[in-house]
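Next up, some structures in structure tokens.
What follows is chain A paired twice: with chain B in the first complex and chain C in the second.
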Partner chain A sequence: MYDVIVRGGLVVDGSGAPGYLGDVAVQDGKIVAVGQITGDALRFVEAEGRIVAPGFIDPHTHFDVQLLWDGAAKPALEHGITCVVPGNCSLSLAPLRAADRQQVIGMFQQIEEMPPAAFTEAFEWTWEDFAGYRAAIEKSLSINVAPLVGHSVIRLWVMGPHAQERAADAGEISAMQDMLRECLDAGAVGLSTSFVDVDENGRPVPSRFAQFEELDALSAVLGEYGRMLQIVPEFYAIDITIARIDQLAELSLKHNIPTTFSPVFDSTATPDNVARTVARVEEQFSRGARVWPQMQTRPIDISFSLLRPSLFFARLPRWVRILRQPLEQRIAALRDPETVAKMVADTGPDGGERMMGRLVVRGGDGAPVELTGRTLSDIAKDRGEVTALALINLSLEHGLDVALLSANAGHEVTDRIGPMLAHPLVHIGASDGGAHLASFSTYGDTGYLFSEFVRKSGALSLEQAVAKLTAETADIWGLKDRGRLEAGKAADIVIFDAATIGRGEERPAFDMPGNGMRYVRAATGIDTVLVNGQVAYAGGQYSEARAGVVCV
Partner chain B sequence: MSAEAIIIGAQIVAGHDGSAELLVNLRHPNGAESPVVLDEATGLKLMKTCGAAHVDELTGQSWRRIVEGL
Partner chain C sequence: MALSLQRRFVTPGPGETVEEIADRALPDQDQGAAVDAIRSWNLHIFAMRRPPGLLLGSDVVFIEPPIG
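Our next item is the complex of A and B:
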């Protein structure tokens, strides 16, 4: 008697091999057989007409905080993700002394945009060390977690306030090595660092004060365990990014470790950047180094409001001048008919329709719910105003707190990005799940891979796309029990409809602690998700199963 | 030829964090050209430092103006 048999689906096993009709049998949280299976089971999951694949792995998230009250990392799990990697970009919630919590909260709020209540109401701080954090999240996981430990918090633990002031001395570096060993022993799957991020006051995070000797010493410890080094390079300048690729390659070769960097995204304004990045990665792989670029699937949207000056208006000098003013003067200017007439005239004879008509009103702010999701063009017609005037008046009516979205403003050309994602050395990731909560949704990238790059453009086959999100990711990260539908592996399984898997529309949700807002996307086409052999999500509902583990 | 890098063009691009950012193209004294992307705050400071009300007005400015905005 098996625990579960997933019956009659097209088995796409994660290897990249063609799918085949078959069954998957599960016992004690493991896959025990794949193929034509006879026998009985406590539960049958019918998968006829559906794809049966290994659960997806998301290698770049910031769910560190959310996992303390939401063990499913919602909505990640309903998108078919059965394992998340938090602790990226140099930040994790352990090791962290009680006295340093506020400092790290500030850094997390800068990255995640998590409401303050998340840190004061949603959980009890019971830990300082990594093992304690692990124990805190393990109580109620329904998704698997492969956590990184952050370089910035290790530095803070060892150096205190000096962590954000100077380079470490030999004794401090040695202490950081010891702490990293302790974290790896407690279940961390690697170390993350950042050359870019800042805290809430705009100060560089602690990891940015490290000299190369420090990173080299920490990489030596990673080498003892064969674990991952994740970095955020200076992605705003391609030449520096390439220099970082070379540096990662040296660390990879010297210490025999995998390394990965993100974000990598395409822009038609710098059309050669990804090609140069990948070419350098190819060179380094040919030397034996492992330097994995992580590329996101989703396009980048620009969002802004008139509450703050935005470069969105950088081609409208008068708008820039007015929006730069302090709030009170800005509102006064926007209420002045003569000024507004000039502003509208600046947007062209069509009243800004071409420039602004396609902007979409986002929810979650001062905008009325009934306007959420509508284009400025439509709203302007309803109001009997030209588009630019509608933008100004609508904003004024709601204290300027009306967020607008310019969709698909970057990383948006499917025919360019598809071949990049399909490249064998490009690691699909960089979702940032759990971060940027108040700016945009970081969920649904896996569904978008299938809808846009499998079904629409055909850049990847179904089997390739599944392999990218499962076995290849597990191999890159050394997650030995994950990523494949084969006997002996953990029974992390997603059952989905190849014809409809995708991502829903972005919408605001007020489900953060203290009724905090974030943007989310629902999944489409996902039927059932099993985590370690238990049904965690089915028929649009999360179950009570808590079978997630910290996996290594 | 200028003895230091100068801005030869700029345009608005989408940033990783969902904000509008400023892509500035620089030409170095040896003739090499390279782009650098400034985040929203730095881009706005650069425009202010240069007295530019339009991105096209950044052309010809010294790269040092970027540093002044950091």
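Our next item is the complex of A and C:
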């Protein structure tokens, strides 16, 4: 008697091989047989006319905090994702002393755009070390987690305030190595570092103060475990990105470790960048180095309102300063003609038309319904104002609750992106799941891979797309039990409709602690998701199953 | 496959100044000219960063102009 038999679906097993009609039998959380299965089971999951695939793995997320109150990392799981990698970009929630929490919250807030209430209202902060954090999330996981540990927090643990001031000495480097070892022993899947991020005061994050020798010493520890090094390179400058690829290759070869970097995205303004990046990656792979560029599937869409600071204003420091103020002061500043004149001047001699004219009113908030879908350029003309001023005044008239969408701000040309995603050395990921809550939805990238690049453009076959999200990702990260429908592997299984799998419209949800807002997308075409042999999601509902584990 | 030629760079040592980098990386040049050149090749450090010119141990500091 099996626990579960998934019956009669097209088995796309993750290997990239053509799908075939068959069944999958599950016992004690593991796949025990794949093929034509006779015999009985406690539960049958009917999959006729559906694809049966290994659960998807999302290798770049920031679910560190959310996992403490939501063990499904909603809505990631309903998109077919059965394993997430949090702790990217040098930031994790352990190891972290109680006294340093505020500082790391500040970094999460600045870099990943997470509301402070997420850190104070929804869970009890019981741990300092990595094992303690693992225990805290493991209590109620319904998704699997392969957590990275952040270089910045390890540095902070060892060096305290000096972490953001100077190079480490030999003793400190050795203490960081010991701490990294402790984290890897406690279930970390690797180390993440960042070369670009700054904290909420504009100060570079701790990892950026490290000499290459420090990263080399930490990579030596990763080498003892064969674990991953993830970095955020200076993605805005191709020459620096290539220099980082070379550094990663050196570390990969010397310590025999996999490495990965993200974001990598296409822009028609710099059309050769991805080609140059991939060419360098090919050269380094041919020497035996493993340097995986991680690419997102979705176009860059950024939404924002003047209710909070946003990525959109990255190049307008005065706007960011003003939008960071408490609501009353912010409104006062936006009503002050002198301040507003300076803000408008910052947006250029055209009054922000080039920068903001194509923004579209999203609707569903405080804005008048008749403005939904109209461009700011149009609205400004009607109002007889320059564009940036129209944005400010329109927002003021509606309590700042006017969301605008900057659509297709990069990585949006399907015919260019498809072949990039299909490249054998391009690792699909970089969703940033659980971060940038009020800027865009970080959910639905897997569905979008199928709807846009399998069904619409045909850049990848169904089998290829599944392999990219499952077996290839598991191999890159060394997740030995995951990513394939094969006897002996963990029973992480997604059952979906190849004709309809996709992502829903981006919409605001108010389901974060303290009624915080985030953008989400629902999944389409996903029937059932099993995690370690238990049905975690079916027929549009999450189950009570809590079968997720820390799965490295 | 041999590695194609890419732009050469160094990383700053602990507490190293741009003058010291210039002496180390471009020893045949007059220091002032070398410093000016390094500044102009590394706007990510000397123009875009706050405060401009703050050197970090992890920085990529190019010691030649873009290739091609």
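By definition in this document, the second predicted complex is superposed on the first by the 456 of 552 C-alpha atoms of A that agree within 3 Å, B and C clash if a C-alpha of one lies under 4 Å from a C-alpha of the other, contacts with A are read in each partner's own complex, and residues count from 1 in each chain.
The rule we apply is simple: a contact is a pair of C-beta atoms (placed from the backbone, for glycine too) under 8 Å apart; a residue touches a chain by one contact, two chains touch by 3 or more.
Computed from a prediction, not measured in an experiment: that's the story for all the values here.
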Using the superposition on chain A described above, determine whether A:Ala237 touches chain B (first), chain C (second), both, or neither.
both
Which superposed partner A:Arg287 touches (first chain B, second chain C, both, neither):
second
Return first, second, both or neither, reflecting whether A:Ala269 touches chain B, chain C, both chains, or no partner chain.
first
Please work out whether A:Ala210 is in contact with chain B alone, chain C alone, both, or neither, and reply first, second, both or neither.
second
Of the two partners chain B and chain C, which one touches more residues belonging to chain A?
B
With the two complexes superposed on chain A, say which partner A:Gly399 touches: chain B (first), chain C (second), both, or neither.
neither
First (chain B), second (chain C), both or neither: which does A:Ile300 touch?
first
Should A:Arg166 be classified as contacting the first partner (chain B), the second (chain C), both, or neither?
second
Answer with first, second, both or neither: which of chain B and chain C does A:Gly8 touch in the superposed model?
neither
Tell me the contact category for A:Gly223 with respect to chain B and chain C: first, second, both or neither.
neither
Which chain A residues contact chain B in one complex and chain C in the other?
237, 239
Residues of chain B touching chain A in the complex
11-23, 34-40, 43-44, 47-48, 53-55
Residues of chain A defined as touching chain B within the complex
235-239, 263, 265, 267, 269-270, 273, 300-304, 309-312, 314-318, 320-321, 324, 406, 409-411, 436, 439-440
The answer for chain A against chain C in the complex is residues 166-167, 195, 202, 204, 207-212, 214-215, 234, 237, 239-240, 242-244, 246, 279-280, 282-284, 286-287
Contact residues on chain C for chain A in the complex?
1-4, 6-7, 9, 11, 13-15, 44, 50, 54, 56-58, 60, 62, 66
